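Below, each structure is written out as structure tokens.
Each of the two complexes below includes subunit A, the first together with subunit B, the second together with subunit C.
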Partner chain A sequence: MSPRRYAARRLALGLVQVLAVVTVVFLLVQALPGDAAVALAGDNPDPRRIEQIRVTMGLDRPPLERFGEWVLGLARGDFGVSLISGRPVVEFLHDGLGPTLVLAALALVLLVPLSVVLGVLAALREGGPVDRVVTTVTVGLHSIPEFALAVVLIAVFGVQLRWLPPTAVGADLLGQPAVLVLPLVVLVARPLCSISRLVRAGMIDALASDHVRHARRLGIGVTRIRFAHALPNALAPAVQQVARTTDWLLGGVIVVEAVFVVPGLGTILVDAVAGRDLPVVQGLAVVFAVTTVVVNLVADLLAFRLAPRSVAIA
Partner chain B sequence: MTPVVHVEGLRAVTGSRTLVDGVSFALAAGQVVALVGASGSGKTTTGLALLGEHAPGVSVSGRVTVTGRIGFVPQQPSAALNPVRRLGGVFREIAALHPGDDDVLIATALRRARVPVELLRRYPHELSGGQQQRVVLAQALVGDPAVLVADEPTTGQDPITRAEVVDELASVVAQGVALVLLTHDLDVVRAVADEVVVLRSGRVVEAGPTADVLDRPRTAYTAALVAAQPRVTVPAERPAAAPRLETRSVTARHRATTVLHDVDVRVGAGECLAVVGRSGSGKTTLARCVAGLHAGFAGEVLLDGRPLPRSLRRRSRAELAAVQYVFQDARASFDAYRTVLDQVSRTAVRLGGAADPRAEALARLAAVGLDEATVTRRPAGLSGGELQRAALVRALLARPDVLVCDEITSGLDTLTQASLLDQLAALTCTVVLISHDLAVVARLADRVAVLHRGRVVEHGPAGEVLGSPTHPVTVGLLGRSMEGTEERKA
Partner chain C sequence: MHPLTRRGFLGLTAGLSFAALTGCGTAEPTSAASTPRAGGRLRAAFAGGGAKEVLDPHLANLFVEAARSKALYDKLADLGPDVAAQPRLAEKWEPDATLTRWRITLRRAVFHNGQPVRAEDVLASYARILDPNRAFRAKSSLALIDLANSRAVDERTVEFAVKRPFVEFPNVLAAFGAYIVPAGTEDFTSPVGSGPFRFVSFEPGKSVLLKRNAEYWEGAPHLDELEFVIANEESARANALLGGQVEYAHDLTPTTARSHAAGDRMAIHRAPNSAVQAFAMKLDRPPFDNRDLREAMFLLADRPQLVESVLAGSGQVGNDLFGKGYQHYADDIPQRTRDLDKAKFLIRKAGAEGLTVKLDTSTAAAGMVEAATVFADQVKGSGLTVEVVTGNKDSYWSDTLKNGSLSSFRSGAMPIETHIAQRLLSGSGTNVTKWARPEFDALYDQAVSTVDETRRGEVYREMQRSLHAEGGYLMWGFADWIVGAAPNVGGISTAPANTLDWARFDKVWLG
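Up next is the complex of A and B:
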């Protein structure tokens, strides 16, 4: 199958997947105890007041009707309005997407070259001191959860040493890049470990393969063999892991956003779920589902290029 | 003529073991010398020494003089080509290493190896086995080498591809390149080599012109090598037995491609059915359908008249034991981290119902020449031939009614192959033998089915099919494997 037809088929399938995700999210939010009216009415609410709010919000209509209306709106590009504030959902998405995108893009720009360099370095010095140090540090770092690392970094660099701002409260992310340093370190730390381990393992396999030995016998230079012959073979598994990481980053890493007070998609999602603000939750679900479908499609097309044989069979 | 390759007193030692001991030979332009011998005879070590290479921990001494550049044609071109790179890019990298215009160098090499230019846009997996072989030959020819070293260029190839490879090599030699051929395939040696050096445990046991050495061997070892080379001899008829295994209109698919069309074959108790055909003809898929490894087929597989469930998972333990499979790649069919004995005796535990599985496994392994010290190692400590024998014992411990053997001799040297064939010939169960080597088939088969593009084109008693073949594919497979038995081409 040609990559083009493969992509078209996957996109068609992706549309179905997005619809399925949206449906499941709708059902799950319905299953949560309480609704937006209860959340709005505050503590110790009067049942009659809740009923009033429900009617004004249209929550008294059957769920199927509300869902159908929302899906029809979506087809026209209308994400609906927030139940709580009445602002269009698109505005929420627009506000949250900025910080999340900035963090995700910067994290990936750091992550990919760094992990490839680390993995290749460790593979070329397999068993040597460099490999051991890289292995020890990456395995160690990988076992620290984000929130723990984040809190420790804030305590040391933000509070004790005062080198960096501890949180991003009220800051313009691009105007004050210093606020981005700690969140980025936390975001990059764990994926860096897993991806560099995959690159290292793939590189060791590739360097020992028959085709690399053959290329050496043909007289091709060492650098070329390492980077033009072995490395592309080593990257195929890493690409899948990068895709998973990209998904994770674009989903707004809730823990990191919460600790550093970054107003990204993750923060908006948490608030919307707490307020049972269904249209916002669903809008976010659409964004996350589309991101996942697209990112994985790109990863598979890259894998097609990096391992033409395996995909041709699959 | 002055020799382009001169090897004198070559020795290679690793630890206390001597791999090559005093090998000497010389070779002039346009000549072919074949280094022959069983696995472990020192062929590859000698070939690598010509390239100035040696395995880690091996020290090489002696004199190796090569005038001009030396090129290498690797064994298994499918593994030697980088799966991620288009051929053209790699060719340009190679050409850049040599003086002269890149495009001219590439075009010349492609022409000499008869590789069409269009192939440069492709990836290795988009080529046939024969094309891959020609591509690695063309890579070696970039920059006009004086000498080529070809390592087992025909091992594992079907007879028609094998004949193509022989033609390619002969045509390159005719262009004035000297060729050092490392092989255990004496048919190929007869077809192209001027001189033969017979190696055993690193020593030259015999050397001289091809015809002299192979037709009038002076040593017992050479005589054994020549005798072990499989020959097609038309087998005598045996009375047909009641069918034990039968397939009824088996049609199998791999995704959208139909690889088997309405295959009906039949084999009696104690008989051997050979399924032959070129690579990609559907032989292995048929074997996998029988064994329950390829559930996606229509039609029926009957054992003693009762249909077998299509999938392995739905077969009872007795049905699992009844059909056993020996795979082409013995090494891949063992877990690398457990001892061979463990894995072999496991069948006896699960399927054979033996009282003392370990003792039974040891006894059966000893009967095929594998002692306890050998089989208590992990697979990495055994040779390919030893592992294949262990795999055979593993299957037989289940006391199968039907044993499926998928190309189990194709990677082995001729002496190892001959001993494995003796063991197969002595079996009393029904054997389904998948092979493209008609010499092996003729040795064992009572019945032969010829597959071509997923269809049975001939099916009958072995004597009939091999003695008077009617389909062009059978004729092609037969003709090619007998070609080597004729006198060397002028």
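Up next is the complex of A and C:
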């Protein structure tokens, strides 16, 4: 099958997946105890008031009717309005997408070259001191949960030494890039291990493979063999891992957003679920589902380009 | 949903920050914040609600919204440090002899657009809150007003008709969210109020910027600018303060306060008697329909231990009555203490030996789960077993209003009269203990129609005596409200949260 037809089929399937995700999310939020009216009433749960809030929010209508209306609206590109504030859901997505995209893009820009370089270095010096140091450091970083690393970095560099701002509270992320340093370190620390390990393993395999040996026999230069012949094959499995990481980053890493006060998609999701603000939760579900489908498709196509023989497109 | 547990995380941060600070050692000179100084921008960090955040003061629900509303708008009255109503936009109030018509004289105040605050604006604001098709928070408080028969006497005089004799009418004027907006306002994207600060900009879930209102009727604020920023995690608020990113961090935990009290980078401000911590027993169902068993529960609570462990010492013991330190609080009733022997006897007498009671709790308010766990431990050995059940935090208050027989409870400050009206009358909307007694309702009616304050106070005391003896609230403590500020911030009040002086930034300055 040609990559183009493959992509078209995957996208069609993706549409079904997005709809399925949205339906499941709707059912799950319905299954949560309480609704938006109960959540909004909070510690003042006068049943008469809750009933009134329900009416003003339109929650007195059957859930299926509301869901159907929302899906129809979605088909027209209308994400609906927040139950609680009445602001369009698109505004929430727009507000949250900015910080999340900035963090995700910068994290990837740092992560991909760094992990490829580390992986290749380790593979070329397999078993040597460089390999050992790289392995120890990356595995060590991987074993620290994000929040723990974040807390330590904030306590040391933000609060004690005062080298970097401890949080991004109220800041304009691109206007004050210093606030991005600590969150980016935390975001890069863990995936760095998995990706560089994959590159290292792929590189070692590739260097030992028949076609590289053949290239050597043909007398091609070492550098060219390493980077033009071995590396692309080594990268194919890593691309899948980068895709998973991208997906994770675009979902708004909730812990990092909470600790560093970055008002991205993760924070909006937590707030919306706590408030049972169904249209906002649904809107986010669509964004996350679309992201996952697209990112994985791109990764598959990329892996196919890098190593056409090793990746089967079916 | 959250891969880290909040408490574990907070503990870790507090510990680490503390370690970092003690390691630091070199003392910086603290600038004195004793003399007011004009100018500067104060950044205040609050927890927010993202989607929920609105600038419509009638929709205010969260602390950050209450603080912002207070900066932008005024109410006719507000609660003083003793949680009694004091005049604000209303210069004075006078009831007629029947206590059903109240004449309010307005102060000479102007909205930020230059228009005077008129009687018409007051009536329109209240009409908006009372709109039958809406569900504003202040609605139930204002429901007592007969709006159709209320009128504007002149530009600065309103005459309210009240549905029944009600001497505590000023409490209504001070109700949460009962702010005065210019007549006809429906669009709050660029809010116009009469408060000490004017609106500049708003980014939902992130920040609100306000600037000084030089024409404020009570005198212009010291600050030039006030910025509210949102940081949901308590640790983030504390870190932002320590890192110099904000000058005011609202709502810190006792642990944070304890770690930083000795340091010189954060000044801790405590507002005592801000939040009552309690357990609520339901009187309309077994097992707490039995008075002896309720008394046994009162006697099982080791209050000093609860305050020490749950509130980390940042609070005071309670005596099963709401409103310690507030106007009309019955401080002459002797303090209850733990008496295990008597409790055992009462449990046997009630035939409840070997009984297991579920205690519903959740993380809906700070300290509730901890208090439930500590209390369950204190009950051990009494013949009764308390089993702690942690429920969903988002629907907790609504769930525990209906279900179960024993639940954690917490409440912010409000006048004792309001507490009774909302929670302890037969027709109260949030009567979680299901305390419903005609003679108690009659006492309430008597109190709110007694003009003489001393005699009224006596009626309130009588009501509190019966609540203390056989009510359903085991109110074991009053938590301090804890705010952190940069050492150069002056003018922060220690009035209970929810009162006028709490989070009141027009009186605050940067030294």
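What we mean here is this: the second predicted complex is superposed on the first by the 308 of 314 C-alpha atoms of A that agree within 3 Å, B and C clash if a C-alpha of one lies under 4 Å from a C-alpha of the other, contacts with A are read in each partner's own complex, and residues count from 1 in each chain.
Please note the rule applied: contacts are C-beta pairs under 8 Å (C-beta built on N, C-alpha and C of every residue); 3 or more make two chains touch, one makes a residue touch a chain.
Just so you know, these numbers come straight off a predicted model, no measurement behind them.
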item: Combined model on subunit A where subunit B meets subunit C, clash or fit; value: fit
item: Touched partner set for A:170, first subunit B, second subunit C, both or neither; value: second
item: Touching partner for A:191 - first (subunit B), second (subunit C), both, neither; value: neither
item: Touching partner for A:119 - first (subunit B), second (subunit C), both, neither; value: neither
item: Broader residue contact with subunit A after superposition on the shared chain, subunit B or subunit C; value: C
item: First (subunit B), second (subunit C), both or neither touched by A:251; value: neither
item: Which superposed partner A:39 touches (first subunit B, second subunit C, both, neither); value: second
item: Which superposed partner A:267 touches (first subunit B, second subunit C, both, neither); value: second
item: Minimum distance between Cα atoms of subunit B and subunit C in the superposition (Å); value: 38
item: Common interface residues of subunit A - those touching subunit B in one complex and subunit C in the other; value: none
item: Residue numbers on subunit A that touch subunit B, as the complex places them; value: 209-215, 217-220, 224, 228-229, 232-233, 305-309, 312
item: Complex interface listing, subunit C residues touching subunit A; value: 1-4, 9, 12-13, 16-17, 19-21, 23-24, 43, 45, 49-54, 61, 133-135, 137, 139-140, 203-207, 227, 229-233, 235-237, 239-240, 242-246, 364-365, 391-395, 397-399, 401, 410-411, 422, 429-430
item: Residues of subunit A touching subunit C in the complex; value: 32-34, 38-50, 52-53, 55-56, 82, 84-85, 87, 91-92, 95, 145, 147-148, 151-152, 154-156, 158-160, 162, 165-167, 169-171, 254-255, 258-261, 263, 267-268, 270-277, 280
item: Parts of subunit B lying in touch with subunit A, wherever the complex brings them together; value: 51, 53, 72, 74, 76, 79-85, 90, 93-94, 97, 123-126, 136, 139-140
